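Per-chain residue numbering starts at 1, and chain names A, B, C, D, E and F are given in the order in which the chains are listed.
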Amino acid sequence: MPKKKSEESKSNNKGAVRPDGRKVDELRPVKMEVGVIERANGSAYVEFGKTKVVAAVYGPEPMHPRHLADPEKAVLICRYNMLPFSVEDRKKPGPDRRSIEISKVIKDALSTIVALEEFPKCMISVDMVVLQADAGTRVAALTAASLALADAGIPMREMMSAVACGRANGKIVVDLTKEEEDAEDAVDVPVAMSSLTKKIALLQMDGDMTLEEFEEILNKAEEACSKIYDMQREALLNKYEKEGKEVNINDE
Amino acid sequence: MPKKKSEESKSNNKGAVRPDGRKVDELRPVKMEVGVIERANGSAYVEFGKTKVVAAVYGPEPMHPRHLADPEKAVLICRYNMLPFSVEDRKKPGPDRRSIEISKVIKDALSTIVALEEFPKCMISVDMVVLQADAGTRVAALTAASLALADAGIPMREMMSAVACGRANGKIVVDLTKEEEDAEDAVDVPVAMSSLTKKIALLQMDGDMTLEEFEEILNKAEEACSKIYDMQREALLNKYEKEGKEVNINDE
Amino acid sequence: MPKKKSEESKSNNKGAVRPDGRKVDELRPVKMEVGVIERANGSAYVEFGKTKVVAAVYGPEPMHPRHLADPEKAVLICRYNMLPFSVEDRKKPGPDRRSIEISKVIKDALSTIVALEEFPKCMISVDMVVLQADAGTRVAALTAASLALADAGIPMREMMSAVACGRANGKIVVDLTKEEEDAEDAVDVPVAMSSLTKKIALLQMDGDMTLEEFEEILNKAEEACSKIYDMQREALLNKYEKEGKEVNINDE
Amino acid sequence: MMSSKLTAEYVRSLIERGKRLDGRKLDEFREIKINYGVSEKAEGSAEVMIGNTRVVAGVKMDIGEPYPDMPNKGVLVTSAEFLAMAAPEFEPGLPGENAIELARVVDRGVRESGAIDLEKLCLVEGEKVWVVFLDIFVLNHDGNLIDAAGIAAIAALLNAKLPKITEDYEIVRDELTDPLPIKDIPIPITIRKYGEHLLLDTTALEEDVLTGKFTVTTKINGNICAMQLSDGMSMTKDEVLQAARMARDAATKIREKLFKDKLKELKKA
Amino acid sequence: MMSSKLTAEYVRSLIERGKRLDGRKLDEFREIKINYGVSEKAEGSAEVMIGNTRVVAGVKMDIGEPYPDMPNKGVLVTSAEFLAMAAPEFEPGLPGENAIELARVVDRGVRESGAIDLEKLCLVEGEKVWVVFLDIFVLNHDGNLIDAAGIAAIAALLNAKLPKITEDYEIVRDELTDPLPIKDIPIPITIRKYGEHLLLDTTALEEDVLTGKFTVTTKINGNICAMQLSDGMSMTKDEVLQAARMARDAATKIREKLFKDKLKELKKA
Amino acid sequence: MMSSKLTAEYVRSLIERGKRLDGRKLDEFREIKINYGVSEKAEGSAEVMIGNTRVVAGVKMDIGEPYPDMPNKGVLVTSAEFLAMAAPEFEPGLPGENAIELARVVDRGVRESGAIDLEKLCLVEGEKVWVVFLDIFVLNHDGNLIDAAGIAAIAALLNAKLPKITEDYEIVRDELTDPLPIKDIPIPITIRKYGEHLLLDTTALEEDVLTGKFTVTTKINGNICAMQLSDGMSMTKDEVLQAARMARDAATKIREKLFKDKLKELKKA
């Protein structure tokens, strides 16, 4: 497929390590904003390069339908969705098998840090919408979801930051683009890590790698998640400063 | 598409103002009958020319599923459906986006005249089935639904009568046929009007018209609705006379 | 369609009455085993020739969703399903119109012998899965279901045995194969009969036959069902002997 | 139709004496009326009323591909829906198991009797054949739905004409040509039972009191072409055979009454 | 948005005096902002904010078959979804009747105004045409969704470019060529009512207090190209005509403000 | 499987001492049995039992179109269903998120390991390729479903043969030819955790007591080709690496035991 002009010139950029000129452990330009959906209890917008995601949180509120309530803790509901025009070939609206799986692993990851036990019989809903997709949508969505939960004041034991690392064109790199994901030798490892205890809560993988490469990827992911966490803190502080609210990040 | 013999000869009818020989403000032959579905609480059959519709009413009865009940008034449920063989190209059975929209605007219109507040926590269901379609199915369905509600003894503040007016072949006309709807310059404006206060409760539009044309269309629609209302009264009286029941039209 | 080697040689088998060498009233090799699904309350595996079916029973347990409970008796739920790879052309997973009808007639048949009235407000579920299909899947499934219900200790007034009889290649035969079902003159009559009162509780038919042929088919079916019932008893006894449990066949 | 226990007992006690609420004999049908052509947009249609039961069936023709194993035959697709308006107990939504069963029993009767000459509906072998969509709707339910649906189905098929087609196999919808080729008139007859009494053409009230049904569809020559026992009824072999004979005889009468001309024509051929 | 009875009464009493909670006049719009190109993967996209209401629309182009009765025209397919994130009362799942209504009203405005020159989207008559998928999503609901959606729709269409196609009619997704041919700028304006007072651009809170809505979509020349009265409001003939005039005038102002350049270009042509 | 609190505590206390209810070591598998060819109608099939867990997988081959971006490769379509019969807690209906996850994890293992030589399944580049339908059903659930499903999947693929095709690319279903070309034997191994203890091959009872799972699929050469951490478990980096090594070692053993001949053949090549 022919490349767009801008990308062609970038890939001619001599000395550049990656197709878009980044170093192996360099994130794409990241943008984060908290409080973008007024009606929601909490919300966030996250950009990883050309990947753009909005997340919004409702709850805790009484679970409905009621017979699905858990008497011991809140039910966490996560919905990840791509808009039809967020990808090259129009995606039919509504959930598919891929988005059901991604919603599940995001829910599983967040359930390790959200204090669900404080809200028995309740539900907490996290909606994530991908506006534009250029790889890494699930990790951007999880990063945004974590911000939106904090913005909603939902008690969390720590924050969660996520990034995809892997291999492309012979190198172990962080935050792959779609172009890198399409490389012959690509390995894609989305990783989510908690901010305090550094526990991995989301980990998937596509590709073919040795255990040694895996270790290197995990190390790079840890570093990258730390950087992302710093940006998450800043985004939250920005909002609270604007609003003059007290900061409410549970892990500080 | 080649025309049927009968229509060809009609359109040769010299001096005729419209393809089927009608004057601009002339309705197609109308047939109405009340009480056609024995199991229902109320029902009606309406023919506008070749458009044939049956409507039936059940209720008021306790709302189910119960959690959808409204504590302050009855929930009005309207379902408009076309039989697969009511149109040229077989329509797949079941609701589609078009029928969902039509069901909604019919419900919205009827809810302005039915005394829903008298039946909190209840439901009233109106099913409308198009047996044969030659334009104007939603207005025929709404006219039949209004009859069926009266037949069911559901308290209504007034009756509702409906017709489609618009433009075809350069003229403002009432009660368009499919052939007229397919004219190059066609404008289609379905209108429903209440019998006493003459309020418009359904109004949609397809086409391209000036505000002046719109005013003329509304005037013609008002006139046509009055005629249809007279026929509705007659159909109800016919049934009650047969049955020796007392007449129960709330707006008289 | 070209035949497999094994079948070709069989059909060369001189003197053989049917394509696979069986006599007209001969069943295919039958295999039955009880207690094959550990988590279920009762289960059974049945082979009629190359037709292989597993059935499992859960319940009686409180009906859910609760509003569907019957205050006077247990609700019997039957689900017959073919695995996608149980037939020549892959079957899309999930119920279709055929499997919904078969599930219904199996449920209707079993409801004549299961003592549903002993468990008001409860449900009893019977799941049947066809692993490999070579005609007669519904009768094999019903035979397996009856075994699984007995294995689960659900009280039954009698057992039920089922077989398909019919006509193929000019003869009235029992337990048709797919090859026979595809004969030009094929008639297929699945029949289920209760073990004690010899009542017919499932009876369907495809084809074209005289009343006289029908009578002959019913006679052959009765005989075949008796043989199948003997095998069902044996399968149940086998299991109980192994387990040292007391035998619990209600009709003995 | 939820009948009171008292009514139920009364209905049963009547049947035991060979009588029915509406004065009919146990094997007597209510009056059957047919309106042909209820939808001019259909290639064929018919409304059938048996007493207050009201069923409408319509035929639409399309051009499609044949089944791979029957490359020279047209395709029949039958569906049925119990409209929510037909009875308070009917729910809107996708056809339930009862509607699916009805559609499949009617379909088998039409198919196995060879009522439609499907070979004449082949346009290009293995590529293009006529597809016959037969859609059945219950408008009012006062019992005996399968028989009403089966009669409406064959009536709609007898009413149907093939639309004209161009050389490129495009359908010209509003120009109809030859009648759909029909070779038999299958009639399903449904038997219900109370004790040892067999009943025909039950009303909704009677069906509420009785359990189970047995449908037998027969052809002009008296052969059986479809059967369905269901809804939780079991019968002895003798009852089954007696019911099959009753069904054949009732079908013969109905055929004579409702489809006399076509019957003559088919018997001649 | 469940407002308390007190708030509701206050809002109504304000309206009776020609006033609103946020200080606007009854026929005054909130500020409208447009961000073009929110998704580079779309052939065209736009985000529209009216006050806190936030709607995004995107255009994807595909090659498909024309409708048989319009063999030389491209195809427009419009969908809309009220995302669960947009309001606590929105449920996830298939679009409900309100989202379907919105999509169909916006679609009729675009279609009947001739905004898209569909004839220019024909590639091979009767065989291959451009299909325009117009997808609309409500991200945050603070009232007046149809107007926001309609503006987002036309903005996304104005932002859209046709992708390059090869000689075999394969789409080269990331090489865009000419703009989508646009001939008009339809703007839907929704009127709500309290007593005899007509309001424009209502907030979610106001909509909770008022019943019903009337949408009128007008073209550059002031003609009406779509209307929809719904949600249980009835109006006299005079109110309807007054509302139509209000809608035309408000649309003219919005067009001048948001689409000035395109408007000039179209008026010249 | 709802275990009582007492059982739960007992299971946990055992694990803390490195023991299990059924006497196994923490990293010990139950006996694994394979029945090949459970359905002769399938192009390949296998039933796998790990203890009381019972999973069946079947392969059906069809001819279809390749993905546009892989015009010279066959297509793999994997589905999985937890049959309602397999456990009281399983509901009938469409596959839920757990079944979808299982199917996708097994699919990624097969796909990313290159187990199927998809290029050999191309018939006409860009037009006709073999489509491999791999359908997995859980018949009885006694834990460790992903591993059982993954083993059943590769066993069914190893059992599969291509059906004969005519010159016109019509499939002759009952004449099988060459085996499906298989290049690797991916084995998924799922690790569960209690405190710092890592367990393999958990039973349904154990899974009820423990939270979360981590699946690592490895190839013959020990490389990882798929991973999935889920169900609400988090691990340190060291635990993850330890688990990956455990998975590789366990997979090697299982491969040696169950697929010895094929393994030799592949190592030779």
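Please note the rule applied: contacts are C-beta pairs under 8 Å (C-beta built on N, C-alpha and C of every residue); 3 or more make two chains touch, one makes a residue touch a chain.
Given the structure is predicted, the values throughout are model-derived calculations rather than measurements.
Touching subunit E and subunit F at once are the following chains: A.
Touching subunit B and subunit E together: no chain. Separation of subunit A from subunit E in touch steps, taking the shortest path, is 1. Between the CA-based centres of subunit D and subunit F the separation comes to 49 Å, rounded to the whole angstrom.
Rounded to whole angstrom, the centroid-to-centroid distance between subunit A and subunit F, based on C-alpha atoms, equals 28 Å. Centres computed as Cα averages put subunit C at a distance of 58 Å from subunit E.
Taken pairwise by the contact criterion, the protein chains form one closed cycle in which every chain touches exactly two others. In the cyclic arrangement of chains, the order starting from subunit C and heading towards subunit D is C, D, B, E, A, F. Partner subunit E is touched in their complex by these residues of subunit B: 97-98, 100-101, 103-105, 108-109, 111-112, 189, 194, 197-211, 214-215, 218-219, 222. Interface of subunit C with subunit F (complex): residues 1-4, 37-40, 43, 50, 52, 54-56, 58, 61, 79, 81, 83-90, 93-94, 125, 127, 129, 131-134.
Contact residues of subunit E toward subunit A in the complex are 1, 38-43, 45, 52, 54, 56, 58-60, 62, 79, 81, 83-88, 92, 94, 133, 135, 137, 139-142, 172-175, 204. On subunit E, the positions that touch subunit B within their shared complex are 97, 100-101, 103-104, 108, 112-114, 212, 214, 219, 222-237, 240-241, 244-245, 248.
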